[in-house]
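Chain naming follows the written order as A, B, C and D, and within any one chain the residues start at number 1.
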Amino acid sequence: MEIFDRLESEVRSYCRNWPVVFNEARGSYIYDESGRAYLDFFAGAGSLNYGHNNPELKTRLIDYIVSDSVVHSLDAYSAAKREFLTAFEEILLAPRRLDYKVQFPGPAGNNAVEAALKLARKYTGRETVISFTNGFHGMTLGALAVTGNSMKRGGAGVPLSHTATMPFDNYLDGQTPDFLWLRTLLEDSGSGLDKPAAVIVETVQGEGGINAASAEWLRGLEALCREYGILLIVDDIQMGCGRTGPFFSFEEAGITPDIVTLSKSISGYGLPLALTLFRRELDVWEPGEHNGTFRGFNPAFATGAAALRAFWTDDELEKSTLAKGEMIASRLTDIAEDAAEAGAHVRGRGMARGLAFERPGAAKAVAAEAFKRGLLLETSGPEDEVAKLLPPLTTATEDLERGLDIIAESTRAAVKTPQPA
Amino acid sequence: MEIFDRLESEVRSYCRNWPVVFNEARGSYIYDESGRAYLDFFAGAGSLNYGHNNPELKTRLIDYIVSDSVVHSLDAYSAAKREFLTAFEEILLAPRRLDYKVQFPGPAGNNAVEAALKLARKYTGRETVISFTNGFHGMTLGALAVTGNSMKRGGAGVPLSHTATMPFDNYLDGQTPDFLWLRTLLEDSGSGLDKPAAVIVETVQGEGGINAASAEWLRGLEALCREYGILLIVDDIQMGCGRTGPFFSFEEAGITPDIVTLSKSISGYGLPLALTLFRRELDVWEPGEHNGTFRGFNPAFATGAAALRAFWTDDELEKSTLAKGEMIASRLTDIAEDAAEAGAHVRGRGMARGLAFERPGAAKAVAAEAFKRGLLLETSGPEDEVAKLLPPLTTATEDLERGLDIIAESTRAAVKTPQPA
Amino acid sequence: MEIFDRLESEVRSYCRNWPVVFNEARGSYIYDESGRAYLDFFAGAGSLNYGHNNPELKTRLIDYIVSDSVVHSLDAYSAAKREFLTAFEEILLAPRRLDYKVQFPGPAGNNAVEAALKLARKYTGRETVISFTNGFHGMTLGALAVTGNSMKRGGAGVPLSHTATMPFDNYLDGQTPDFLWLRTLLEDSGSGLDKPAAVIVETVQGEGGINAASAEWLRGLEALCREYGILLIVDDIQMGCGRTGPFFSFEEAGITPDIVTLSKSISGYGLPLALTLFRRELDVWEPGEHNGTFRGFNPAFATGAAALRAFWTDDELEKSTLAKGEMIASRLTDIAEDAAEAGAHVRGRGMARGLAFERPGAAKAVAAEAFKRGLLLETSGPEDEVAKLLPPLTTATEDLERGLDIIAESTRAAVKTPQPA
Amino acid sequence: MEIFDRLESEVRSYCRNWPVVFNEARGSYIYDESGRAYLDFFAGAGSLNYGHNNPELKTRLIDYIVSDSVVHSLDAYSAAKREFLTAFEEILLAPRRLDYKVQFPGPAGNNAVEAALKLARKYTGRETVISFTNGFHGMTLGALAVTGNSMKRGGAGVPLSHTATMPFDNYLDGQTPDFLWLRTLLEDSGSGLDKPAAVIVETVQGEGGINAASAEWLRGLEALCREYGILLIVDDIQMGCGRTGPFFSFEEAGITPDIVTLSKSISGYGLPLALTLFRRELDVWEPGEHNGTFRGFNPAFATGAAALRAFWTDDELEKSTLAKGEMIASRLTDIAEDAAEAGAHVRGRGMARGLAFERPGAAKAVAAEAFKRGLLLETSGPEDEVAKLLPPLTTATEDLERGLDIIAESTRAAVKTPQPA
């Protein structure tokens, strides 16, 4: 591993907590070079909702490559793109009566966010975008300006502008009425808040600490946006593609965002792909006004279409995700009770769950113990105070149980042992 | 194709000039669904320097996928990443005595640019970055601020800040001494130019119109940067990976940038991958200060390493590229002479060549004629005044000749026929 | 008056409500060309705390001019400046144990604010400044960015940056704990609020609608600033110089700002003069780093020193202001009760008082009625919903009573008569 | 003087070169407390074009104050304002056929500049303003962004945005054609220069080192602005009011700016007053959109009107200024020849003249020697490389001669004596 140390930038991060060299992966398991298996409750930070190297998608991917189908064609038309758009329309948009246009803004989530912000500003002619405490939207300069994390913001090297941060659901004391602050600012022409182009929100904040907004709060936000003529952007990069149960994480609340961003699991196989969806009338782009080299990675279209056909033509996956999510929540609740001394509590929705600790360092310690026991578990939140569970949605119940057993043991080990703060 | 119209955003562009559905691709040829072959002098805007679906790389890619090697592992260590770094060090860095650290900043060129700008600003504690007229660096907010194109800049929806534009080589009247303006600004404490963190430059501007900087100008720029303590960033996303002959396009000039961005052809197979390289001492990143989901796409590491081993362990490709480049230039010169009435002239270096026209609309017309004749040819430059040739470096001489024959015919057809301005 | 219409910009405002040509002024009265007297409860928006053309100061001013004392000397040393600084130290700073340095940043309040913001940013190395809803600090670009009014902000023509707006005292529902939002943002490293350089606050917001912060809130703000290492700027331009009773409006709360701005009544005679005061250790300016032509207007130094000697060597004015303030509040309360149907209520502190109306247009109507009856009364607040009383502190009790009688009548006339919204 | 040291901020500057306490002033002389007279070739940096305490204006000022005419009335109509506007129209605008509206934007030059920039951006809907190398326009954030001096810019504490710096006349090598760079940027849609709202220029840069633009260059700039629909702002704060001969410094070139700023000598007596003039159709301000406390200082209106009547109803002053200017230039040329070893040369126009030195420190040394000999002489330019002569226009020829004798002696003393760099 010496070459990583010597050659790779200090910016690398996950490898620091999991100092092994990964090699193979199947379903919910990833293997290091020594052949040791790790149960993967990290799942590429939500990029592997259908597990590693899903056999059905793998077959499609190999077929695609073997047949010399076109891999790279920028934003020219390709059969694979048509296949993807057709599936996207039939399986996702039409049944949900979503009249969205689709933009392929580049291969990564940040491209989807940048395109969303640009379009919202262009359409409204306004500059300010409202973001929420502990929101996370990406590292490029536009996306970073709506991201909360101070360490990451500090990396910008320039002041981040044209944004205002607002309290996410349940952020303050639990007594302040929802949107009291934002609504008051909008109503008061002397408030100092310039009229916003848009708000950008995650329904469950993944990087921010598995903070789940309630359906009521999301409906309130949509109503507020409609009332004041502000565009509602839901960043569904981490929570979309079924992570919380339904394909779009905002379905449960019954809202219809003006703009939606998707990436991570949209290709189904961990291939880079991102989408920006928006109401038809918002499509005021000039041809080529936002471009980029990897806007449509054809193998990702192929696996993405296959994934939609494999998992989203009925409601089985949704139901199973909700059921598994309940099971995880229940087990975590027990674990949290057991670790009450460290201020443990449970967060989340669907199969995006968090075990949060008030005791500084506890979540990091739990994750470290879990790794020793063969489980990959990320931490999140501004102070890494949450052990974050994002297992593949396809994880077998017995593997979920096994992982939760490890988390129970790891929590005990981490919490009962004296820890450095 | 009706679904593209109905569902895909108006922002799409290349498909407008090539209204067919591509399906398969091999080497320098791409095929539409009807089976018609197109000779590809576009090559994914420089992403396919080794052609479509190169058999050697294809084998490596299929092996990788078939064996269930890990596809997505964020920035954890993987065997594929080690393979790539090892090849990168042995084949590229060590022989060139480049002591660079390597960052994987995300899957796209704009991620590499954003990371470069952030790092330069963080390292120097300054904000201003110098860019050049007709430079192109990407669509995210940081990269867009150093991009010249006014239509694309207008898409930002906010003013673009912290940058200053300077004349690229040979931009003004041909008599103004190089760097007279920039040097005077830097020397004069009353000039109004805040001390820059960095300059960002392409050695040959691809999107800007195949404007090639001379080696002398590049050396002058490096000297100026050293003199004033400004970091030199070479954006080698389009011109790197051998496009101009040597692997790095700046090698010919004998300069050593402080920071280098790579993407496009670095995976060798059209897979999304990007790198930011920088002098070891610039590696002041905090762990995780710049992150992202698709920072290390393992199949791209596998094909990227294979490409380095296949093409860069000796100087054959470099020599062939230079020879083919001369051949192209010579043929284009004849074509330009033939089209003198439209103000045609030739630009470029290596296998990045342009046929520029003073007559408005001529280059677009040439590209349209070429498409009719089965050749993909992009236009570039602020007014699309340049027909841009970026054939795969591996294109056989007879195919190059064929393509140039088509260009000759197309130019004749476009220039001799009355065109709407 | 036709020349005003023809030649003066549409930006003019007060003249629109008082369409007469003023000519002479003495004490609390101002006269138009026809000789009509107006009782002046506007007092130059707080610039005439000692009334118009105070005889004692007038004598000093005439002596100064008659003797050919130097009028304009930029920031060279002058006898008048020494006289002012000496009085300022002896009468104001020393008794209050305020160890402030004094900067003369230009003739207007906005200069004092701009200097305060620049110094706070330079000293801390941070960019963000916290301002409060309905704060007003001036029209230059830096001051405008911390000003709440949307119409005035819109005049900037560029987005206003590097600031964040927070709720002023009693802004929300009256139940949200003070500073809950700001404190939470500061404590949470993921909040999206970049660490601020400073907060800038008025103890009573004049332009914002005579919103008076409680002493407790101000102490809480000071404590918060100390806790988080943020500089506290009190903009005392309108409320300083005794408007609320003590010389500095923050004295009542017992707080010590890091930086204080003064202007308006500091010359005592309506002459342009402004000061920025700051704790000695904050004086990190380079010589000449902030300059300007009218930084020290000597006649204003002369009258300013005379005003300090005339009014601030004992506590008579303070006591009288407090007493008169109580009297005004009491009378206004009766008037408000009488106008309960228009949602009238009373605001303010000392001799800065407001009669606020929930009914749209009512305050404007009251001011218009008052003008008819010979009383100058401004409106303020984001929707001009407050009739604002800033009579000279030296106004005789019988004149106060007379003015309040007019306000009572005007309110009755305005509220009982149907008004267009 | 100890109180200045103890109490006044380190930002003070002129007092450092002239460490005496000034007391009285008459005409071209200013006196310190010991009674020592100094011939004043500084004249309040151009604020005292008619000398100190001009008797005619003094009489008007004393009358104004003695009669209890209104001193402070914000932007209400006053007899003094009418008097000023009437004189301004009759004496200045009408004879020159300038159809300008007049705004009183605040008491200082920076207010006039901020208003000009805001209006230009509002009117055009664009953000970028072009400024010139070594331009100086003020210390507030908007004005500072168009100011060249790096030390002063550094005081902003935030990056200065929405501007681009261009070469002033004769800035580069003397061979680059005028406006080659700017014109090329404007014509090239890929240049990276966003379409500007306006350019802001001084006809002679005072603070920047007495750099005089040629009439031809100014006409070229006006033509360029017209051609590209960019507003032309002439900042005539230091060079207006007759400093270069005619009232407006741009008259000689025969151009008509869209917007003009005036301040400094406009009151005639060193009283704070500033004006922004603009073509009638640009008057798109909302009432009150730009406001401020000292927008119309009535005593300054009174003296300002008197000054116009005293000096500008015929062309005597203009002629005398031009003649005196020639005389100064001629004497300075001799002095410069005598100091050729220090690289001395002469700059300027009318009675704004500079003696520039290539030898570092020479100009400062000359000014110091002059002070010893009883002459106030400022330095200017980014490195203080220019001894700057701005004597009152009313200075008697014998006093001019005397001052120039002192400068000759001082130059000799400074240049012949070894100086620390």
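Just so it is clear, a contact is a pair of C-beta atoms (placed from the backbone, for glycine too) under 8 Å apart; a residue touches a chain by one contact, two chains touch by 3 or more.
Composition by chain, UniProt nomenclature: A, B, C, D = Diaminobutyrate--2-oxoglutarate transaminase.
As the structure is a prediction and not an experimental result, all values here were calculated from the model.
Visitor: If you take the mean of the Cα atoms for each chain, which one ends up farthest from subunit D?
Guide: When every chain centre is compared against subunit D, the largest gap points to A.
Visitor: Report which interface contains more C-beta contacts, comparing B-C against B-D.
Guide: B-D
Visitor: Determine the centre-to-centre distance between subunit B and subunit C, using the mean Cα coordinates as centres, and give it in whole Å.
Guide: The computed centroid separation for subunit B versus subunit C comes out at 58 Å.
Visitor: I'd like to verify one number: the distance from the centre of subunit C to the centre of subunit D, where each centre is the average of its C-alpha atoms, in whole angstrom.
Guide: Once rounded, the distance between the two centres reads 31 Å.
Visitor: Any idea how many Å lie between the Cα centroids of subunit B and subunit D?
Guide: Roughly 49 Å, centre to centre.
Visitor: Of all the residues in subunit A, which ones touch at least 2 other chains?
Guide: 127, 151, 158-159, 161-162
Visitor: So with touch defined the way it is at the top, what topology do the chains form here? Options are line, ring, star, complete, other.
Guide: complete
Visitor: Going by the contact rule at the top, pick out the subunit C residues touching subunit D in the complex.
Guide: Against subunit D, the touching part of subunit C is residues 1, 3-4, 7-16, 18-26, 30-31, 33, 44-48, 52-53, 58, 61-62, 65-79, 81-82, 85-86, 88-89, 101-111, 114-115, 117-122, 127, 138-143, 145, 151-152, 154-158, 161-162, 197, 237, 263-264, 269-272, 276, 278, 283-294, 297.
Visitor: Which stretch or stretches of subunit C touch subunit B in the complex?
Guide: Against subunit B, subunit C makes touches at 158-159.
Visitor: In their complex, what parts of subunit C are in touch with subunit A?
Guide: Subunit C reaches subunit A through residues 127-128, 131-135, 146-151, 153, 159-165, 167, 171-173, 175-177, 180-181, 184-185, 188-195, 208-209, 381-383.
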